[in-house]
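The structure under discussion is supplied below as structure tokens; questions concerning it will follow.
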């Protein structure tokens, strides 16, 4: 940590800060320049509350040196994390390192038949994990909010029928238990990236967590949210970029693909991309999915629907299974340019 | 709702859309231009799912005419809402219309004595509602997370001692009940603006709710979140602008003061401003507070601390009670230029 | 300047950097922490190109200590700058320190009569400087681009008739000379905040310059652009906040009123606000203008028009002279709460 | 164009608008809903100034139907534009349709030898166009501003020696002529995207123009700027995405790769990507370049340097020629997944 004082900071302040630093067992290095004095803190900087130092009159800036996250950081875990996710019937799929993961399915689990139908279609195209919403975060209180536990059952059954792990969103600390019973991966949505109590709760389970980046979440805040989960002992966190809010309104959000290599350089955790929610328009999903894999993403999450104009939510962004099948071929080829491979469904 | 077709949209699509519109009891008005056909929907547009129309190949754009919120909208409630908030001993304070509300107190309730001390100081300066955090949303899992129920008791007691209603943040659906017992106003923090289950839960209570705007929340989404609370029968929602994320990093967030007149023109609900969290630096809090009242805000929420460099959180933004006292005078004078008055604490 | 090395940086790099620093006459202070080495540079840090240091493999971050601007900085000029702007007939108006400046007039100078008519109306309401566009930056090449030199004459004559200095926008280095002949203040528009050659050219004149903040201009970049003008010897730069691009689309831009106290704390230059362009809608101009003065702005720039629905550009944001007259009273009262006064037109 | 009236709009306003529309030879279609009246304008909507309609009291919103750009629009030019750019000795390179273009070279042309050396290296790696700055837009007035005309000569000579067309930035209307003599492609930098006079000037030449997207430029505004060039008869405009300003600060800008498919769907013009300026850090350039080509970009512009830590500007983002050589192979392979090919240098 480096403490930069204002030009007019009195000598007494310098002494106070130095003795405060030393009183907690750290060392203070003074650098007196022409205009300002700078105090370097040597030792475990997490012992100091930077806000308290910044609150002192005469302190201009406090520059942390260490990253605020630890377990999520590549400094403490040099190698890429590789996770195995067990399939419901037999075998498992991998993500991380050379392994890419293809997650696909409907936005919402609308009824039993559609879930089974789509699961068959996406597994045939090469997806290995089935997505589907049971509890839906909707902007309006008057719209469809998901079929809840019933939908969880449809998803579990369709997962079993195709040997696909299932991922679904959890929005409420009170739902963690019931969702845990039916699904294989928790999804934390963008709007809940900083729902800290929810992060603690999924951190206490031992199921993998896909943590979407918030619409205003900096990469550093996103990794801090991952740290919430990791701090509870759950090591399988998968980061998911899905677009941020910017001034550009031609698509729903601005997909920040630089977040892929940046997050991967700061963290050992796998990073996937959800081009469907970013675009909000199926016309742009294939280009963004290709770009995501080319940027080094460890997989993707894509929404499909057999009849988008009847979809209960997010129809405009859903791919037809046919388009998805073609896209999956391109993605496989691009991955292979980078020396990577999509995990395949283990034959039961 | 207006449906704009692509230039190449076939006649069959036009017919399909028109008959769909008529089949649900609405009217379709066709406008055939040189390049495009436009279909106007006349009737209760909420009967139509715009996403389904947008999912059709050949549809370029769907423009809604009605606002997506109703109870929050000024169209359905022309006059400013004025709320009375009962004080713990006697009387009440008002917000809305000509009445402004001054909310002040510490970021976190750190211990019993500091809460009582600060309550006395802010009430002496002219604040009428006491703020204080018991459950704190913190970016890092390793930092102080609030004193929980104990802190709620300190706040309630300090509120009673000064006849001040108390406001505190609720972060988890599981905490709504306990917080309801001790406090007078729920605060929904910026990170939970779209925690829809939490909004439903506070909507089921009958205590006022201060709903902070999310860091990436558009004004329209903010009003939709208010609608979540209102839709459950709780009519006392107070909107609170507290800064949004932009490219500018000189302060923690960019306080969007245009949100005050815009939200007030779209909605009848009172709008207050939290300059402390927006600035993150006490040096700028007074200027932003003055600007907020001049922009027409119905009040403010400001953090104070007797010794910011010992504060357990957000010390850099806390005002000394003395500064707050001076500021309160300026704010009162600016309010009076606009023909408005701050509510005062009823004498018990 | 502080150079933070990566954990894996070799000792040889440390030595190289230290000897580079010493070779240009500066001192290097080493701080070796548990994980990283930090090198503090003591001396005139502008002698070092931080990009070259950052280009070295093994350097993680380079933190400048000094501000990149000098002449614009409050560190080198502690007191508020106060500028006198001569009026065409007699006397002058002041801006800075306790003096606020009211600038008003049409968006574009449309014809001779309207310019004269509006000048009379805004001066009657209390404005002291006349604004009006002769060269208009328009998003579309097919729309009205301004009446050029003819409009400059109308403005000069109307300015003389009312003893008002005139401000107009300059967009092209080739126009600096002709505009200088006719007007008293150059305006650099938001889109040209980083048109560096244009900044140099107006810096070579001795007429005051109103420098609008770019739509994506950070406060620091804005002050660097002011430095371009100042570096050529023209000391009368007035900063003008007029809204930035953010995700919020309810108004044309997001007016960043925190930029007022922030820029004023970093710089001695006066800061004014243009609420008209920020809002793009006259309904919100008065609230934003009041907030600007309450935030400490040294004045404003507002567009007026006698018949907005016939305006050749920006009609929706133009105030009727009558509304402006009422607003001016509020602004005067708010300024006086802050101990400030609007400059008045000297009687010829 | 659709005009949406406020609920309280009087009947007289409806009549006024309708007769105004009809008076200029267009048709008005009325749709009277339960709450609002909507007026559709049928005919050449560019005859109407939407701002004037929006200025009328009682008008809530004016929704344009037509895009504001024409020559840049895919509606008026269905097929991808393919441009041929003549090489200085013989033959030409192509961009657009199936042809991708690789542009590389130093940020600034620092001296004659380095320009020749880098030109040889990038052409060997597969680049076909040489970039290099002679006039540099710098944030600070105190830093290196480019070697001007001398640098233009170095670039021209190095281009001739390797049969590479040369691209360089133009920042000032006064420099268009001299730059035109020495180079083959004009580059308009991000800060000048809305320097409208400069756009007109390069539009009057007959050399291709690479138009970078501004840091706050919406895709629609970017296409309007292209329209400025096209409107003067210069049809060879190449759009270049290079990052926008957002709240995310881990890299210099946020590269908006969705702009590639979006701009290509709205326009027939080729779209390239500059990952160097977006990232500001060479570590991330390869991932972003791969993503750009995978997203469908028609080429790229990348900065290289033989010794980044001695570079006069932007060293941290410069690739070593060796890294560029490897990257070029990946890019060629990804392009071929999409059925595309990089243009190669014609043998003289």
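Letters are used for the chains, namely A, B, C and D, taken in the order the chains are written, and counting of residues starts over at 1 for each.
Basically, a contact is a pair of C-beta atoms (placed from the backbone, for glycine too) under 8 Å apart; a residue touches a chain by one contact, two chains touch by 3 or more.
Computed from a predicted model, the values in this text were never measured in an experiment.
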Distance-maximising chain from subunit B - centres being C-alpha averages: D
Subunit A to subunit B: how many Å between their CA centres? 27
List the centre-to-centre spacing of subunit A and subunit D in whole Å, with centres computed as mean CA coordinates. 32
Junction residues of subunit C, two or more chains touched: 216, 244-247, 249
Viewed as a graph of touching chains, is the assembly arranged as a line, ring, star, complete set, or other? complete
Which stretch or stretches of subunit D touch subunit A in the complex? 216, 218-220, 244, 246-251, 254-262, 265, 278-279, 283-284, 287-288, 290-296, 330, 333-334, 337-338
In the complex, subunit B residues that touch subunit A: 46, 49, 51-56, 68-69, 137-143, 145, 171-174, 191-192, 194-200, 214-216, 221, 224, 227-228, 231, 244-245, 308-316, 318
Provide the residue numbers of subunit B that touch subunit D in the complex, in ascending order. 2, 4, 7, 29, 31-36, 38, 40, 42-44, 63, 65-66, 75, 245-247, 249
